[in-house]
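We call the chains A, B, C and D, going by the order they appear; numbering starts again at 1 in every chain.
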């Protein structure tokens, strides 16, 4: 039996059948290119409505990495500074792309599993002098975080408002924002606070490809359309990404899938604890971080791909998706039991 | 009746049914991400075989613009110079992306509809001194060209070999390379000469999305995988772009579609000439450039989107695709007759 | 006898004795760094007065190349386009620095020895569409030009005003602006029109080092101080560059030196024509471009360094400076006579 | 009495009289530009000899910031990572210039006043995977450090050798390297270990302007001459920077000046401790970091400019230079006594 990728990442899952159906329906033609089509208009309306942001602009990118880079690099000048957490995807897992594109320094702040305290913002912003120091301009946070934690609605509201008070813009990397919404059962907007720009994940939540960029305050990102084009993310056959988002947002498919993934992760986490393993972070969304001894990881690896985020730490990550089954969860527990 | 996009561009066409079927077949899971899957391996083998390039690396990008940028910017340092033709897509229609990413100067050479003479290379390369001048490093040419012309096999061979003699690398922007192959009925490799890196168009030839990068001499592009990642074109659900290319290369679908597009363009061009309109460039692939008087363009625009490449010239472009029908061609001619 | 650099460039000349005296006088201490000193304030006032620009900001750079790069790259975003002439120093002799720093495409327009017609601006600006095309934002012209020509006051006024009407900013590369002022005997401001930013040459006109940047419309260059710092041109011991400019602007030393250089070039040009050599450009400032046959250039090279701007053309450049003597001019003519 | 800049920074001091004399002697002409002159050749030889590095290339930059940026950005590709300490000048005081120019991520490691342990290198390098992570390529350390500490010869030797073992290049920011040499009374090469490239400070040690770049392993910095040119630090009147370095290196002027500065700092530090103030870092070179209460800093500020490195900490910096006098030291102590 080959090693399964079921828990390697939520991007190992296939596209949801409803997404494939939407692509099939959209596959007529000819249709005007670069977004001048009906499906694109409908998807944009659906995203604005989902996030209660009637004045937002909507763009798409092929990947979440691209969505983050387009958002951040259109917010800054090369003498600005981008603030992030010490475990941010933009810092660690994008090969330096945000720095390359923006030319701006990327400065990480201490965090609790990706949750940054407002005092860290205060400290950073207060000690910067013009000309000699680069200038903090935007802070990016991840919802849910890279360690599977969720910013609660009141905490993210306070953080975003405080950042605004300090003159900072706020970007939410929402590659897994649906998981954070589903976990809290709040309105989507409450999961991102009053953020200026939000990456809305699609690839990790049932699409073939595509993440959206919700530009809630377009006046702060005047060149974003150019940046998207300049790095090759303005699709000519634009309907194919829009159609997927339209399907995802219909009938709350995005939240149902995310809720299922969360439930599977929760079951997996409880099960692992029941077997005596300790979790490195609380399971609040769809990711489980568990400490495994050498024997356990050897056994697990014979059946499942798992990711070790930091080679220096004996912690492994298991990710659940809309497609994860209870059987797969049970099998992991049986393998380790 | 709405205005039709049938001749607006070859990217207005839908995906070919065989491509959609391939996506449907590929939609199982879980599958390891980032290209560590069977479909990716098969598609790479198919591309290498199609271009008789067993040692080539294969990467994909979401769009042709991205493929060009990844190829060019991984070839140069910021003190190098990229040479192109005066009508090159990389110069005009990529919003300056190749310059932004590479930091290198983009220098255009005079051309005949995108076909550059080898004497232009000689002139440019001979007059550059180190340190004060940026250094020519790579020349990019487009096959078939932005004006719908085809580099014949002997001409492109001589050009590429001469560029190599001058110490230059060669990139072929093959967004429409299939049209050039089909037009000449040569082996694909003969349509790109001994180029070091080739963008192989998919989006304009029946895919939903995706262009390939065939890295024929990987030693000259050591960081290309990082560049692809840094600008967000390394797909996590990699099989979905690979599956499309696999379908396209099966049973010569790519060349049959391109050949059909060429035949439609040829018929359209002849028909327009028969109506007394003059062509601005010979029709050698799937694009027709025709001079239209104000009355004619007004009439045509009521039924068809058409593109005017240069606002200062009364020349319009009509593009045919794998999906263009004889009825559509006839209707254009009837509209203008 | 060693080969003389007297005509190799105006940067072969030493610093004017008055400049050395000023440096000696300034050499007391301690003095606050980064421009917070009296000499800096006086020099800025002198530059503002010389160019009748009371609201201008004044910065310095180590070299003219740096001054140009700082000016241009603080005017643009990476999706903008910088327009220049086909012989511009920023295009040819700065190793691609303006492109590297700005990330913006550098587009050259046809010119007569560096003098660009306003119709060329019209043509370029009218044909640009958003998102797919980079957007023209600033045009840079050189006064006096790289071929030794002078923009007359009415011509530069019309050009700058027209560029403004088209929504473009204007930069004047004034590495040799003093020569253009002296040649026309106009007020300095009339030699640069209503330009938004001007590089005022020092190195080529009697300083040890240093070119100034006169930011006539600071609102269009909000980050210029950061750019200057970021590429290492904000001097800590700031008084030493300011003191030189203060000396240069005192008693019209800059215009007297430039006028002398112009007179020497004029005499040299006339003498060369008298010997039967033809000039490639009219001598309007301090540079002479002369066609030389192989025998003549061989003879001249035994005594003088001379620069051949384009290796494909039998044209050589001889540059005069504040320090050029009539004896040196006579000796060149005797050598070639 | 105006506030004195005597302790604000070592760049508040004037140029050493011997440097001014050298400039005066060099001020003859014409002389070939861009370094093709005798003084440049002699200065390069002197620098190679001083650092026992016969195969090194020597370049200059206008400022130390520029020297650092040129060195670092010519060592890396945009997917590389530059490692530095948490108090590095390149991280904090260069307005993000090293990131802008290189496009590479700048990652700081914990340190003791700028001294980084080799275990920090191990940890960072071991946890990086290709493509998704940017790749550590060079580590930059500062000698003496930004907090006035000195890397001892054995410690820097071990660090540099270890970095090399890990496949890293090493840059030494030697803006104050003379102070570190003088402090230890070792050969200059022993103060920088087997570093691949060294910034040798001039501006802070008695020059009018100019820092040198000693490229000890030119094969790792193939484009450094282009980078220098591209950001405007290749001086046309090159002799004027070279002449200053030649003077500085003659008769050990650089080490005598630095030794004097160190002695003054030492006396100042002891005096402050004698007055009951505590030092934030040991005084090992020419900088004193002292904790001052509000009353003390208010009194001191009436007579002396002093710098507070971190606005959140009640620590002030006093810097001594070759020009600092015992009287000035005594006066500070009297002011605070």
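Throughout what follows, a contact is a pair of C-beta atoms (placed from the backbone, for glycine too) under 8 Å apart; a residue touches a chain by one contact, two chains touch by 3 or more.
Molecules present, by chain and UniProt name: A, B, C, D = Threonine aldolase.
Nothing here was measured: the structure is a model prediction, and the numbers come from that model.
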Query: What pair in B-D, A-B or A-D shares over half of its contact pairs, by residue number, with C-D?
result: A-B
Message: When I count C-beta pairs in contact, which pair ends up with more: A-C or B-C?
response: B-C
Query: Could you state the distance in Å from the CA-based centre of subunit A (Threonine aldolase) to that of subunit C (Threonine aldolase)?
result: 50
- prompt: subunit A (Threonine aldolase) to subunit B (Threonine aldolase): how many Å between their CA centres?
  reply: 33
For subunit B (Threonine aldolase) paired with subunit C (Threonine aldolase), centre-to-centre distance based on mean C-alpha positions, whole Å: 42
Message: Where in subunit B (Threonine aldolase) do residues touch at least two different other chains?
response: 78-79, 94-96, 100, 103, 131-132, 134, 226, 229-230, 234
Message: Based on which chains touch which, is the overall arrangement a line, ring, star, complete graph, or other?
response: complete
- request: Show which residues of subunit C (Threonine aldolase) lie in contact with subunit B (Threonine aldolase) when the two form their complex.
  value: 78-81, 91-96, 99-100, 103-106, 123, 126-127, 131-134, 310-312
Subunit C (Threonine aldolase) contact footprint on subunit D (Threonine aldolase) (complex, rising order): 4-6, 8-9, 11-15, 17, 20, 23-24, 27-33, 61-67, 69-70, 94-97, 100-101, 203-204, 208-209, 226, 229-237, 240-241, 305, 321, 323
Query: For subunit C (Threonine aldolase), which residues count as touching subunit A (Threonine aldolase) in their complex?
result: 34, 77-79, 103, 130-132, 134-135, 223, 225-227, 229-230, 234
